[in-house]
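Paired with subunit B in one complex and with subunit C in the other, subunit A is shared by the two complexes that follow.
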Partner chain A sequence: MSGELLLQVTVSGLTNGFLYALIGLGLAVVYKGSAIINAAQGDFAIVGAIVTVLFTQSAGMPYWVSIVIGVMAAALLGGLMEVACIRPMLRLKASEESILLATVGLTFLIGAVVLVVVGKAAYFLPPIGGEAQVQVGSATLQRHAVIVVAAALLVVAALAAFYKYTHLGRSMVAASSDADGAVSIGINVPLMRTFTFMLGGLIGGIAGVLQTPLIGVSFAMGIAITLKGVAATVLGGLVNPMGAVAGGLIIGLAEALAVFLFNSGYQNVVTMGLLIVIMIAMPNGLFVTARRRGG
Partner chain B sequence: MQRVKRTVLSTLIVSALCGSAFAQTSGTPVRVGAIVSVSGPLAFVGTTTREGFQLAEKVINQRGGINGRPLQLVFEDDASNPDIAVTKVNALLNSGVVAILGPTGLAATLATGGITAPKNVLQVTGAGIALPVERERKCLLHMMPAQHLNAAALLSYAVDGAKAKRVGVLYDSGVGQAVMNAMKDLAPKYDVNFVATEKFDLAATDMSSQAAKLKASNPELVMVLTTSATPFRNLRQLNVTAPVVTGLAVAVYETVKAMGPAAEGAVFAEYMVAEDPRPREKEFVDLFRGEYKKLPKNFEVAAWEAVMVVANALKKAGPDAGGDKLCIAARGKYAAAHIDYDFAAPDMTGIQLSSFQYSTVKDGKFARVAFTAKERP
Partner chain C sequence: MDRSLLPDSVRAGSASTRHSGGRGLALVLTCVSLAAAPLLLSVHYVDLLVFAALLAISGLGVGFLLGQAGIINLAQVAFYGIGAYATAHVTVAWNLPGLLGLLLGVVISAAFALVMGLPLLRLSGHFLALATLALMVIVTQLFFEWDWLTGGSLGIGGIPKISLFGWTFDTPMKFYYFAWPIALLCFWMLSNIADGRPGLAMRAMRDSPEAAEVMAVDSTALRTKLFVLSAILGSISGSLFAHYVGYISVESFTLERTIVMIMAPVIGGVRNPWSALPGAIFLSFLPELLSPLGEVYRILFGLGLVLVIILFPQGLLGIANWRRVK
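Right, the complex of A and B next:
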C-alpha cells in the first residue's frame, strides 16, 4: 500500500471525523446542559439540510440565506422539542430512560414528517466553495471538505468562548450543574434548558448543511447519524463537548485506516473493536476523570 | 353556476362514453395481500413498487377483473424489516387473502417464503433469488433475475462491451454482496481479474476510503453494486476516470438525480429504457406515464407484471382456487411487457441473459446503449 493512498484515506477519514464530531458536539452540549441523551440529534441535521434544500432549490433563494434559514429551523426544532416534549416530561418527574425513549420516538416521528414533506429521495446541496478540488500532497479533496474542517474548528472555538465569556453561556452551565443554586440567583432554569436544546439544534443544523454536499440527506438517515455522534460523544466523555470532537476524529480516522490496513469488509469490526478497547481502558471516556458511582 | 352545470354535464357525458370501454366487475372482491417497504431504507424501491401494483390493479379491474369479480390488493408496509414482513404475511393469510405480492427486500422475501412455501400459497415478489434454498419454493415466483444473471450481464458488458479485464468492484453489504458472490463464481468464465473488491456497509454514509483504495488499484473499469448514490459521487470526488458500470438497483430516476454529475456516462445493465421503449413495452410505458406523469423503470414494470401473473393464475384456476392449484396455474411461460419468463425453468424465472438492456445517462436522462450480453459456455 502506498503513502499516497494512506494520505488519501487519512484526509477522507479526517473529513468524516469532523462531521461525526459536529454531531457528537451537539449531543454533548445537550447532555451538558440537561443531562439528557438526545437520540434525535441526527434529525436536527436532517431538518437543517432539508430546509436549506427547500429554500435554495424549490424557493430559489440565495444559498447562504437558505443555509441560515435551515440552521435556524434546526435550532427552533430543538427549542420546540424541549418545550413540547422534554419540559412536560420533566414536570411529571420522568426518568432519564423515559426521556431517552421519547427522543428515540421523536427521531422516527421527524423522519416520517420529512418523508411526507419531501419524499423518499436523497437530496444533495451544492458544495460550499463550488466543485473546485484541493491537492493535499498527492491526495485530492473537494474544497468543500476543507470548509467542513474549518467550519467544525470554528464551531468548537465559538462554543468554548460562548460558555466561558458570555453571560448566557455561563447561565446555561450554572442551570445544568446546580439547578437550585441557579434559581436562587435568578436564572430561569427551564429557559436555559430550552436554549441548550436550541444550541444543540443549531450545531446539528450546521452539521447537516456541511454533510449534505458530501453524502446527501434523506428522511431515514437520522438514527444512523445519531449513532456515529453517540459513539464520538461517549468516546470523548459525555459531559465534555470538546471530548466529543476528539471522539469523532478518532472514529473517522479508525474507519478510514481500517479500510487501508484490512479488507474493507471488516471496516465496522475494526472500528468498533477499537472503541471497545478504548472504553475498557478508559470507561469514562478519553477526557473525563470522574468515576462511576454505585454498584 | 351555469359554468358548474356545464362542467358536471360534460363530466357525465364523458363518463358515459368512457364507461362503455371498461368492463364491469361485480361480486365479492378477490383479495390479494401486497407487502411493500414504503418506509425504512428500501422505501425508494417500495414506493415505486406500490405504484406498479396499484396501476395493475386499476387496469385489471377496468378490463373485467378476475372473471368478472373485482381484484382488491390489501397493502401492508413492512418498514424494510424482514421480521415485520413475516408478521404482516401471517396476518394477511389469516385474513383470507388468496395470494401474496412482495415483499420488497431480498431478506424479507427469504423470510416470508418460509411461511408461504409450506402452505402452498402463491407468492410473487419483485426481488431476485438470493439463495439456492429459494429454488425449492415452487410457489414463490421472482420477477427479477437470479443474481448469477445480474452478474453475467455486468461481466459481459465489462469484457465484450468495454473490453476491460482489470475490474474494480465497490459493493454494499445488501444486494451488492449477493451480486458480488455470483460474480466471483463467473469471473473465470469471462476471464476477468478483480484488481480490487471493496465492500461497504448498507448503512454507510461515505465510501471515499473504499473508493480511494479502488482507485489505487488502477482498474480499467469500475463496477458499483449498490442501491445508494453516494459511492458514485465518491468516485467522482476522487477523480476516478475509469468507466463505471452498475446494475438495475440504482437505475431509478431519483437515485440518478441524487448522483448528480457522477451519473453521466455510467452504464446500467437493466430491463426498461422507457425514454426509448421497444414495441412490446410501449403500452405499459404509456399507461404508466398517463397515470403518474412520469416514466417507469425496472421496479415499476416488475411490480405491474407481478400483479398480472397473479391475476392470470386466478383467472385460469378460478378466483376461489387456492393453494397448489393456483401455484400450478402460475408456473409456466409468461410473456411480460418487458421480458419473457418461464417460471418452471430451473432458475425459477427463465429470464435470458439477452433480455438485459443497457443504458447510460446523458444530461440526466437514460439513453439506450446498443449492446447485447453474451453467454459464456
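Right, the complex of A and C next:
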C-alpha cells in the first residue's frame, strides 16, 4: 500500500518537476540573454493562464486558440517589461540590486492587475487531451500529465535548436556573450534583449497553461512559482538552460518526498530550504563547467 | 560624468558633509512637526501615522542593510512576525508584561538572524536577495503550519495594550507618543553608526569589497552584525504592531508587507539612513489616498513603486538634490 502511494507521489512529483523545469528554463533564458534574474517570471505563467481562461471561458473561443492567445500575451508582456522597465534602467546604469527590486515590484503590480481583472478566486482549465487516465505500473495519472512531460521536452528541444541553428537565436547568444562584438557586426543588442524577454515570457506562458489544469492559477502565486523555477535553474546551473530540466526534476521529486514524509504544508518549506542550500553549497549548479560564471 | 568616476563612498561622504548645516535644522523641524501632528490631525490620521512609525522602524533596518552595505533583505517580514508572535504569546498565553514579549522577540529574532545570516551572507547580489526571499517564504509558511503556536489563519486576539510604569498606551494618541520616540531614537542611533567609522567601513565594503578587506574591514562579521541589527528592528516593530492592533494572524505577514518594508527606504532614497522616515509616511498615506478607487488602488500603488525605482534611483530625498547633481 505504502509502496503504491510512494509510486503515485513520485509520478506526480516528476510531473511537477517538468513544470518547475519550464519556469526555470524561462528564467535561465532571460539570465543567459541579459544577466538579469527576473523575479516576475512566475507572473508570465499567471498571465498566460489567466488570458487563456478568459478567452476560453468568457469569450467562448476554442481551447487551442485561447492557449495560443494566452501564450502570446505572456510573450508580449515579456517584451513590454523589457522595453518599459529594463531598458530605461540599464540606460540609467541601475545596479543589479535595483533591477531585481524593480522586477519584484512588477510581481506586485502584475498580481494587482490580475486581482482587479479576475478577483481572488483560483481558476482551472480543462486538462489538455481530455480526462483520460494513463496507467504507469500501479499508479494512475491523467493524460494531461503525459502532455506536460512531452511539451516540456519539446520546448527544450526547440530551444536548443533555436539557439544553435537559427540566425535570430545565434544573434541573441552573441548579443549577450559579447555586446560590443555583436554591435560591431551589426546586431541590435537592445532589440535582442527584448526578444530574450519575449522568449522568457513565451516559455513562462506555456508553463502557466500547462500547470493550470493541475494546480490552478490565482493572482498571488507569482513569486512562489518564480522561486521554484529559481531553485530548478540554480541547481541546473544558471547559464545552462538545459540544466534547468534536471534541476526541476530533482526539486519536484524532493517536494513529492517531503509531502510523503511530512504533509503537504511543508512542500514549500522543503523546496525553499533546498534552494538556499543549493545556492550556498553549489552556486554553479550540478553540472559545473570549466567557465565559472553565474555564481 | 566626472562625478561618476569618484568612488561611491567618497560621493556619499561629501554629500553628508555638504548638508551637515541643514541637517540639524531638518531634524529639529521633523521632530517638532511630528510632536505637533496629533494635536492638529484627526484620530484617523494619527492612526495612520502610528502605522507609519512601525513601518519606519522595520524599514530602517532593511534600508540600512541595502543603503550602507548593499544587502537586499526581503525576509524582514519574518522577523516582524517573530516579534509579533512573541509578544502575542507572552502576553496572551503566559499573561506576562508586554516588555518581556518585546525582549523575547528581540532575542529570538537576533539569534535566528545570526544563525541564518552566517551561511546566507556568504552570498551576494541576486543570490542573496533570492535566498532572503526563500527564507521569508519558509518562515511565513511555518507561521501557517505551526498553528499550535501562532493560531494559523485564525490568529491570536486579545493582545493587551502595552503599559510602562503603570501608564497604559491605550489610545492612538498615546501610542503615537510611545511609538514615534522609539522610532526617532532608532533612526538617531543608526545614523550615528552610519556617520562613524563603522559606516565608512560599510560603504567601503559595499563599493569595493576587496579593497575593504585589505583595509582590515572584516566583511563577514560586519555584514552579520548589520543583518542581526536589522532583524532586531523588524522584531521591535512587529511587537509594537501586535500591541497596537491587538490581533494578529498569518494575513499580517505577507510578501506584500515585506515589499512595502523595503520600499519605504527605497522610495525615500536608500543611501540616506533617514530615508525610511519620509518613505514610511508616504507609503502609509498613499493607500489611504487611493482607497476610494477600490481594488484599482493596488495597481496604482504597484505602478507607483515600479516607477519610483526606475525613475528616481535617489528616492524622494534625492529629488531635492537632483538638479544640483545634473
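We take it that the second predicted complex is superposed on the first by the 260 of 295 C-alpha atoms of A that agree within 3 Å, B and C clash if a C-alpha of one lies under 4 Å from a C-alpha of the other, contacts with A are read in each partner's own complex, and residues count from 1 in each chain.
As a working rule, a contact is a pair of C-beta atoms (placed from the backbone, for glycine too) under 8 Å apart; a residue touches a chain by one contact, two chains touch by 3 or more.
Note that the structure is predicted; figures quoted are calculated from it, not measured.
Once the two complexes are laid over each other on the shared chain, residue contacts for A:Met221 go to subunit B alone; subunit C is not touched.
By the touch criterion defined above, A:Ala40 reaches neither subunit B nor subunit C. Using the contact criterion defined above for the overlaid structures, shared-chain residue A:Val104 touches subunit C, although it does not reach subunit B. Contacts of A:Gly265 after superposition: both subunit B and subunit C are touched.
With both structures placed on the common chain, the touch criterion links A:Glu255 to subunit B but leaves subunit C unconnected. Of the two partner chains, subunit B is the only one that A:Glu4 touches; subunit C does not reach it.
Once the two complexes are laid over each other on the shared chain, residue contacts for A:Thr140 go to subunit B alone; subunit C is not touched.
In the superposition on chain A, A:Leu235 makes contact with neither subunit B nor subunit C.
Contact with subunit B, but none with subunit C, is seen for A:Ala121 once the two complexes are overlaid on the shared chain. Touched by subunit B in one complex and by subunit C in the other are residues 112, 115, 220, 224, 265, 268 of subunit A.
Partner subunit A is touched in their complex by these residues of subunit B: 39-41, 43-44, 47, 173, 198-201, 203-206, 208-210, 212-213, 215-216, 228-230, 233, 237-239, 254-255, 257-258, 260. Listed in rising order, the residues of subunit C touching subunit A in the complex are 66, 70, 72, 74, 119-120, 122-123, 125-127, 129-131, 133-135, 137-138, 141-142, 144-145, 255-256, 259, 262-263, 266, 295-296, 298-299, 301-303, 305-306, 309-311, 313. Across the interface of their complex, subunit C is touched by residues 37, 39, 85, 88-89, 92, 94, 96-98, 100-102, 104-106, 108-113, 115-116, 220, 223-224, 227, 230, 234, 265-266, 268-269, 272-273, 275-276, 279-280, 283, 295 of subunit A. By the touch criterion stated above, subunit A contacts subunit B in their complex at residues 1-2, 4-5, 8-9, 12-13, 15-16, 112, 115, 119-124, 133, 140-142, 211, 214-216, 219-221, 224-225, 255-256, 259-260, 263-265, 267-268.
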